[in-house]
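Just so it is clear, A, B and C label the chains in written order, and each chain counts residues from 1 on its own.
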Amino acid sequence: MKFIRKFTQKTRTSSNRNRDENHQGSAIDDGHRPLDTDLDINIKRFREETGNSPDLKVRQFELGSNPQIRVAAIYNEGLVDQPQLNEFVIQPLMLSKDRGRLSEASGEQVFHFLRNHALPVGEVDTVENWNEVMNTVMDGNTIIFIDHFPVAIGCNTSGGEWRGIEKPTTELSIRGPKDSFNESISTNISLIRRRIKSPNLWLEMYRIGEITHTDVAIMYMNGIVSDQIVEEVRQRLTGIKVDGILQAGNIEQLIEDQTMTPFPTVYNTERPDLVSRYLLDGRVAIIVDGTPFVLLVPALFTQFFVASDDYAQRYDISSFIRLLRYASFLISLLGPSIYIAAITFHQEMIPTPLLFSLAATREGVPFPALVEALLMELSFEILREAGIRMPRAVGQAVSIVGALVLGQAAVQAGIVSPAMVIVVSITGIASFSTPAYNLAVSARLIRFVLMILAATFGFYTLTLAMIVLVAHLSSLRSFGIPYLSPYAPFQMDDQKDALVRLPLWMLATRTKAINKKNIKKMEPSGHSMLKKQNNRPEGERHEE
Amino acid sequence: MEKIRISPRQLFCLIVLFELGSSLVIPLGADAGQDAWLAILAGLIAGLLIFQVYLYLYRQYPAIPLTGYIRKILGNVLGWPISLLYVAFFIYGSARITRDIGDLLFNSVYDETPLFLLHFLMLAAITYVLHKGFEVLARTGEVFFGIVMILVCVGILLVIFSGIVQFTLLQPVLENGWEPIFQAVVSQTYTFPFGQIICFAMILPYLAKPGRARRAGMTGLIVSGIILSLITALEISVLGADLVQRSTFPLLITLSKVDIANFLQRLDALVVFTLIIVNFFKISIFYYSAVIGAADLFKVDKLRSLILPIGVIILFSSMNIAGSHAEHSVEGDFYLKYTLELFVTVIPLFLLVGSFIRRLLGNRGESGFSTEQQR
Amino acid sequence: MRSRSLLMILCMALLLLTGCWNNRELGTLAIVTAIGLDKGKNQNEHVFSFQVVNPSAVISGTVGQGDENMGPVTVYTETGETLFEAARKASQKAPRRLFFSHVRYIMIGEQLARQGINGVLDSFERSNEIRLTARLVIAKGRTAQEVLAIVTPMEKIPATAGVGALEFSEELWGESIKIEFDDVIRAIGNPGREPMISAVELLGNPRAGQRVENIQLTKPDVIEKIGGIGAFRTGKLVGWLEGEQARGVNWLHGSLKSSVLMVDCDGKKDQVGIEITRSKTDIQGKVVQGKPQITVTITEEASIADVKCAIHLSSPAVIYELANKLEDKTMLQIMSAVKAAQQYKTDIFGFGEVIRRADPKAWGHLKLDWPDRFSQLPVEVKVKAFIRQPGMITEPYLLKRDKKVRNE
């Protein structure tokens, strides 16, 4: 522990100087002490510094015959791939046919022999100091110490148990691909690589978290992405100084442009197909080890209304559904507040028969409309939270008891009006139809403020609040890109995939708000629709 | 000046919202009876003419606002007080529109709410947005331009489809000849709303592409003029010229008459929503013009620090400019006939002549100061 | 940063503390659906009746409290000089605040209508609650409060029933006119037009209609009926146009949607019923040598509804003849309306406006004595009728029998 603390203190001061260095700390200090030549001292020291943790195994054996050279393999039991370790590291070392050659060899000769002949694993490193030893072991690799030689060998044996690739749990789709990210960064990267088979898909690795050393990768399409954005991402990532990064959400909150806002300015998804899509659209993906969600920047407001299915279905259907999503976002934002404003301030705006019905259902309700609405909304939020946190089997019961029994009883007891139950339910359901959970949450939060405003001044404050809300949205930026584009600033070319989605053959350019270079993504002749135009007789041609 | 850049499209949106602001509320050009819509179109033409003057002055001094080139043209001694008057004019303008919308809300729905509070809420929202910067206002304007256009179209279609339009109420055209129309143009429709575009003389220096100012401004004026004329014609053909003239708020009454299939009715919310939006932008632009002017005059570098004080001034003057709605209206007549005429036509024409003289004398910069003094 | 959040908290607190000036909970409102206006004892005094809906009695299926025993409406009556005085006074009686935005119609007692309505309408116009879509109706031969207190079958809210009857009568029969509040105001302020208002009358004993039992009877003791159009001159009711005259008014008003006319056939009266399906009215005016003239052109489409005599409906000549008869009949009805209005010297058709549009200059002096000129105004009516559809059957069965008789 002491060692780590020292190490972290050191890197904190040094890393500012070398931002571009991926692995922190280059100065020679305690952590960078070279290894000893004596194997026993090395093992002892390793034991001491890791507090004799029993999951860190030290396997000693001897090589050669005269005199025998002692070798030790050190690895973390839980993080290595056991079969691989046995088959490709331990076995070759102990049973190698060439062992005879090692008679009377020095430590250095053994080292070279092992490195070049004996270890049939993909990746072998030379490890020269304690810092690297620790990192290597903690990553699940195996270190091989050799007696009488101050350099160790690190073999890539990392593996261990990961959750497999499963179906997405939060972003479902009907026709789109059904795989989703898991907690392993290498799996996640491979999922993306498998979709974009291009050497221009570039990857940069970072280690963030002074103690946790979490692997963080950024991926982008070189030649498409704007260099400015990549540079901005690099700077913000290397600027993070925190002891632990446990999930992507931590990174998100540390790199977003504006924290005093309920709106998300970083996009996250668990779907590799969406990530690939956005990489091709000039965004930067941030992949954090241990989180099945990949962050994408810059994030625009419109992006949160896009689901993977939009591109799987025909354009007219997906346009309709997208409009529906915008509408339901507005409902989830404004539903209860419009209802409150209408029945407490603007009764004249309700059609007469409807007003009679509302008045009849509200007869005998003991609370003012605002209190009634807050009551219902709060209990709905509680139900929702309970439904998420409860074990799955019980969650069902909670929602049944909550929604059916409680609602029914409250209405029959005359505590709340049926109309309010309807409004709250529609609002709740509408908030589920926003594809992005984090935007739906922000709507939930703002809804309460709007409800209070509606109950104090009706539509007047509600309208003002909407203006202020839009102004707030248009003041936001995500990595320098105006959040509300392409609506404001208005960008005609980007409208074709914003409120609606036009046919794919018309989506011939990347998002202009983000991309400055390499705008075109489709050759005009690449689609039958356009070919047809090209094949027309000369006189009828319209293009050019 | 802060580094703010707005696009020609944003300028266009702001101009339309600005022109619709508060002119949608009142019976515009009512002096011309059923020809009010013609009076608006005639006012539009006059407005376009005076806009050429502002454009000319803008081209002479593309980097500085109106208050800046007043002092350049007239010299500091004469120019400074006139610029100060302009700042006061902008403050009064925004206070007046605040009062308009306050009175309207008070009369229609919020008759038991203190007027002060209604004003406070409006100005608080505006102050927040301006605090975020003029660019944010411009972007917000783009979004709400779309929304307002949709609302206007929906409103017009609803009125037409509900079958309450009687075009005979628009006849006879030119019953009393052109004279009442000219009177309406002179007394109202030219200065209000079209002449008020003088505010944009303060804002034009922010334009990212100065070459596009003419196009954005002209189309903005024309679009808003046509919308206003169309809406006024609809109001008259639904309510009749007399009722339009007498009502404080003809558009609301017009929409409240819509009834399609006994279901699409009571659509006043549409109107109130539209009105709050357009008035919001009109007040904001007057407000910000005052802020720019004040910053320019008092050499304040950070515009932002002036926003709150000027907001407070507007808030209190909106309460104190008149004791009652009647007084407010009487004052309004004076404002339309004389105040606006002075600031919108007379002074800019003087500036035009001044800048011609300056050009004839050969632009000698500060040395031209003495010649201006003699004039 | 801290100061800004403090400011935010202050604003929020302000909003919450301010309470709710205009916040009116639905439960505190008495929704008025109709207002009755009657003559008071004194010259300037009026009796206002407010018909208030009891929502839970009107809406069935309310959980727990569908109260069938409660009357669907309650009528509060109060005297006062203006609407507002009366409305505020009524708060002594009504347990809730009267709310006027949903007033469907304003009913004027005949007595008051004869005395004059000009003075009382201002406070209705000025109110920010009453809408211009409210209709005006005259209670023919009754006071408004009597009519408002009647409970009606089918529609639980009498106001809705009244509006329904007015609407369907206009749409199917053509003897009433949808007159909204602003129509009357426009007519009052216009020298070239006088207001007209449709009327409602009661059949049966009005006292019986005040009990809820009235609607439990299959044949109610008392029922409302639409009864003609009242013509006004200088704000006073001067006469009624009923039956054919009322339909003529509708024609001239351009609001006739459909109706049924009976025409003669085989020398017998009213044998063929013709349903008018579409009608277009065009009124042109001109001033010849200082004398105004009006030409009314009606283009109507009709179909045959029923036939009581034996005629060949498949023959174009017969149809043509029927169309001719229809034209004559239409013209007669229109002329009867014009005659009646001329007799009352009240230009409810807005002929003055037509003249004004046609010749604004001449109108300048014509308007000075317009009522007199109107009473002698030459009106020419041209009707063009087209019978397009013979109905579901081409030849009437009577014709078949005739043929058979002849063949034998």
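One rule holds for everything that comes next: a residue touches a chain if its C-beta (ideal position, glycine included) is under 8 Å from a C-beta of that chain, and two chains touch if they have at least 3 such contacts.
Computed from a prediction, not measured in an experiment: that's the story for all the values here.
Asker: Go through A-C and B-C and name the pair with more C-beta contacts between its chains.
Answerer: More C-beta contacts join the chains of A-C.
Asker: Going by C-alpha centres, which chain is most central here?
Answerer: Of the chains present, the most centrally placed is B.
Asker: Rounded to a whole Å, what is the gap between the Cα centroids of subunit A and subunit B?
Answerer: A distance of 48 Å separates the two centres.
Asker: Report the inter-centroid distance (CA atoms only) between subunit A and subunit C in whole Å.
Answerer: Averaging C-alpha atoms per chain gives centres 66 Å apart.
Asker: Starting from the mean Cα coordinates of subunit B and subunit C, work out the distance between those two points in Å.
Answerer: Averaging C-alpha atoms per chain gives centres 43 Å apart.
Asker: For subunit B, write out the residues touching at least two other chains, lowest number first.
Answerer: 109-110, 113, 265-266 - these are the residues of subunit B that touch more than one other chain.
Asker: Residues touching two or more other chains, restricted to subunit C: which are they?
Answerer: Only 18, 22, 131 qualify.
Asker: Two-or-more-chain contact residues of subunit A, please, as numbers and ranges.
Answerer: Within subunit A, residues 345, 348, 457-458, 461 contact more than one other chain.
Asker: Show which residues of subunit C lie in contact with subunit A when the two form their complex.
Answerer: The touching residues are 12, 15-16, 18, 20, 22-27, 29, 31, 33, 53, 55-56, 58-59, 62-65, 99, 101-102, 104, 129, 131, 157, 160.
Asker: In the complex, go through subunit A and note every residue touching subunit B.
Answerer: Where subunit A meets subunit B, its residues are 345-346, 348-351, 457-461, 463-465, 467-468, 470-472, 474-475, 482, 484, 487-490.
Asker: If you look only at subunit B, which of its residues touch subunit A in the complex?
Answerer: Touching subunit A: residues 7, 9-10, 105, 109-110, 113, 118, 121-122, 125, 128-129, 132-133, 136-137, 139-144, 146, 262-263, 265-269, 272-273, 276-277, 280 of subunit B.
Asker: Can you check the complex and tell me which residues of subunit A touch subunit C?
Answerer: Touching subunit C from subunit A are residues 343-345, 347-348, 352-353, 355-365, 368-369, 411-412, 414, 418, 452-453, 455-458, 461.
Asker: Using the touch definition up top, name the residues of subunit C that touch subunit B in the complex.
Answerer: Going through subunit C, the ones touching subunit B are 11, 18, 21-22, 128, 131-133, 180, 182, 185-186, 189-190, 353, 356-358, 360.
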